[in-house]
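Next, two complexes with chain A in common: one pairs it with chain B, the other with chain C.
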Partner chain A sequence: MAALDLRAELDSLLLQLLGDLEELEGKRAVLNARVEEGWLSLAKARYAMGTKSVGPLQYASHMEPQVCLQASEAQEGLQKFKVVRSGVHAPEDVGPREGALRRRKGPTKTPVPQSSDAPRDPLNWFGILVPHSLRQAQASFRDGLQLAADIASLQNRIDWGRSQLQGLQEKLKQLEPGAA
Partner chain B sequence: MKIHLQTTDYGNFLANQTNPLTVSKIDTEMRKRLCGEFEYFRNHSLEPLSTFLTYMTCSYMIDNVILLMNGALQKKSVKEILGKCHPLGRFTEMEAVNIAETPSDLFNAILIETPLAPFFQDCMSENALDELNIELLRNKLYKSYLEAFYKFCKNHGDVTADVMCPILEFEADRRAFIITLNSFGTELSKEDRETLYPTFGKLYPEGLRLLAQAEDFDQMKNVADHYGVYKPLFEAVGGSGGKTLEDVFYEHEVQMNVLAFNRQFHYGVFYAYVKLKEQEMRNIVWIAECISQRHRTKINSYIPIL
Partner chain C sequence: MAGRGKLIAVIGDEDTVTGFLLGGIGELNKNRHPNFLVVEKDTTINEIEDTFRSLGSVSGSVAEANPSQHDPPLWDEIDSWQFLNRDDIGIILINQYIAEMVRHALDAHQQSIPAVLEIPSKEHPYDAAKDSILRRARGMFTAEDLR
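Now for the complex of A and B:
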């Protein structure tokens, strides 16, 4: 009896895992597309503004992100990641993943307690009158950021699912010889 | 791509570059070459051609000054930026630009000896140099420069005026359109915007007044529809190739520059040569970017120069 229940649980877990994997694939494809779009728009902006006007000269070597990553613990010790604008002061600790999220023309954050003025839009590093392609690039990269956080959460869930699966399979093995 | 370039006039200009070859390196090397050719012209020229050539370098000087000031704002080292400045716009006081705090400082201390001095008249203010003001400064300087250049060509008269004046008028109108387009949704007010438009060209004065009131692309298109030259340009925007307004303007500029070579004995050929070389550089850089980003299909959306 217990074996049957276990099997049912195993099946549902497997189905959920496969669903998650499919979602992950889809999201990865969209992320790749967004990042590619972003880089192409940057190239177009360089075409319109001149190659040296859109490049490492325009940003300070020390940036402050505009967007933070919020890591929260859901049930069963599962970590979820959410992208949060720095204006909203998140009570939970900000994950150490920010370093990995840095991009050349990515969002910047101002540490909320320190500066009194609003966080500076990185678009303004390139001047006030920026061509449309630069704004498009920013929009693409922003979408990509949201997706990246979702992908990280999904991947965590998948890893957790796999470990659950393995645990259940072991239990089943133990039960089977007993039942047989 | 390096191999293809070797077969053209560019020869082995990339020969000394070590791997990896980035787009930025290609761009820098091409600029150096153009600068070398330009210096050759300059060294062989007399008045008034040398004044004409000096006018041409002023636009690059303005860009360099703004680049240096932006760098100062971002607390970058002067050496780093000096390496990236446009070689055609070099002037001796460049290293000192980053010390200036306000435009009047900039003028009195540094630029008074350069050819940029007369363009500072409208820009003198005590506002500190932050991003909005740097942008305003850039556009105002460019406006005064264009107006001075136009007057020079007109006074020169003769075939040069015939050829250069329409080109410069188009440049003025183009700047008016692009400034308007890029200022939608930014903090630039309409009055400020109007002060940035050059006061000559087909759009002056009625068109400019209408443009200053425009609030989106369609309104701008309506203004352009009044002018026979600009109506077809605006209609070509979008379309199948996803052309932007800047692309369409570049195309038109290329056409005008190519026509400049049909007349003889005027200075416009030098201007046209430099501008067409610039377009060529832009095309090469675009192709290089497409290759490095693996977008082979987009390679052909450059502007051919016939």
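Now for the complex of A and C:
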């Protein structure tokens, strides 16, 4: 009976693994396509701006990451990644804050501009007015980062599933030494 | 840093690194070592391996052809620059043709964090047969297991 349960669990795990592998293949194809689009856009930007205008010479001396990862452990040993973008501000509320009458005379309080803690957009390394192709390249690579996090999560799940599968196969061999 | 999350590191050719830095993953300040490495044609395999495990170049983001011209960094400093040993890196993106050069180091890496992701390059399309993760997955099943 225990062997039957083990076999059912093995089958379920195997199906899940095959599904994960199929999903991984699909996401990989999309990531590769996005990265290729990004290279093409970078090449167009380089054509517009000059060969040496898009490269390591333009990297800032101080960089703050706009994109980070949140790693969470769904099960023991299984890590999942999620892309988090910094520098996203909530939209401001436009309109009168109070319902009372406003004073038309008197010193008006000017809102103190809040210093933004958002990291600087890497597009600014390459100039103030950058060609549209450079923005397209940025969009392609940003999509690629989201896909990279999904693929990394899938890879971890496949590795985790593989170790679980090996463990279950060992248990099955111990229960049914003759079947192997 | 604990509240900010983990970083994405990248080891690749100029276009790959520039593209992902445009995406916003780059980190570089006076106190921290960069989380990226631009591999040029003069970059040696040892330098790439050193970056993957322990960064050998003192000057920063672009691996130089002759790092021996600089004073060798202290081993403690090298340990603190290792992509694999940094606890603030979640994913390492690496061009597959570069990964092939340091395949032994990649295959030896078994931890789930940082996750290593092989990506194609302009001159070398992605080959699933060479990917470390997929090679391990392919070795999961034998004929006896499927009886």
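Keep in mind that, in the parts below, the second predicted complex is superposed on the first by the 142 of 180 C-alpha atoms of A that agree within 3 Å, B and C clash if a C-alpha of one lies under 4 Å from a C-alpha of the other, contacts with A are read in each partner's own complex, and residues count from 1 in each chain.
Here is the rule we use: a residue touches a chain if its C-beta (ideal position, glycine included) is under 8 Å from a C-beta of that chain, and two chains touch if they have at least 3 such contacts.
All values reported here derive from a predicted model rather than from experimental measurement.
By the touch criterion stated above, A:160 is placed in contact with chain C alone, chain B being left untouched. When the shared chain is aligned, chain C comes close enough to touch A:70, but chain B does not.
When both complexes are overlaid on chain A, the residue A:39 reaches chain B and chain C alike.
Taking chain B and chain C in turn and counting the residues of chain A each one touches, the greater count comes from C.
Of the two partner chains, chain B and chain C are each touched by A:59.
Judged by the touch definition given at the top, the superposed model places A:128 against chain B, while chain C stays out of reach.
Within chain A, the residues touching chain B in one complex and chain C in the other are 36, 39, 43, 55, 59-61. Those residues of chain B that touch chain A in the shared complex are 23-24, 27, 63, 67, 70-71, 74-76, 80-81, 84, 86, 131-132, 134-135, 138-139, 178-179, 181-183, 186-188, 244, 246, 282, 285-286, 289-290, 293, 295, 298.
Only residues 36, 39-40, 43-44, 46-48, 50-53, 55, 57-61, 124-125, 127-133 of chain A touch chain B when the two sit together in their complex.
The touching residues of chain A, counted against chain C in their complex, run 17, 21, 24-25, 28, 31-32, 35-36, 38-39, 42-43, 54-56, 59-71, 77-79, 81, 84-86, 119, 121-123, 134, 137-138, 140-142, 144-145, 148-149, 151-152, 155-156, 158-160, 162, 165-166, 169, 180. Taken together, the chain C residues at the contact with chain A in this complex read 4-8, 14-30, 34-35, 38, 61-62, 90-91, 93, 112-113, 115, 117, 119-120, 122, 125-126, 128, 133-134, 136-137, 140, 144-145.
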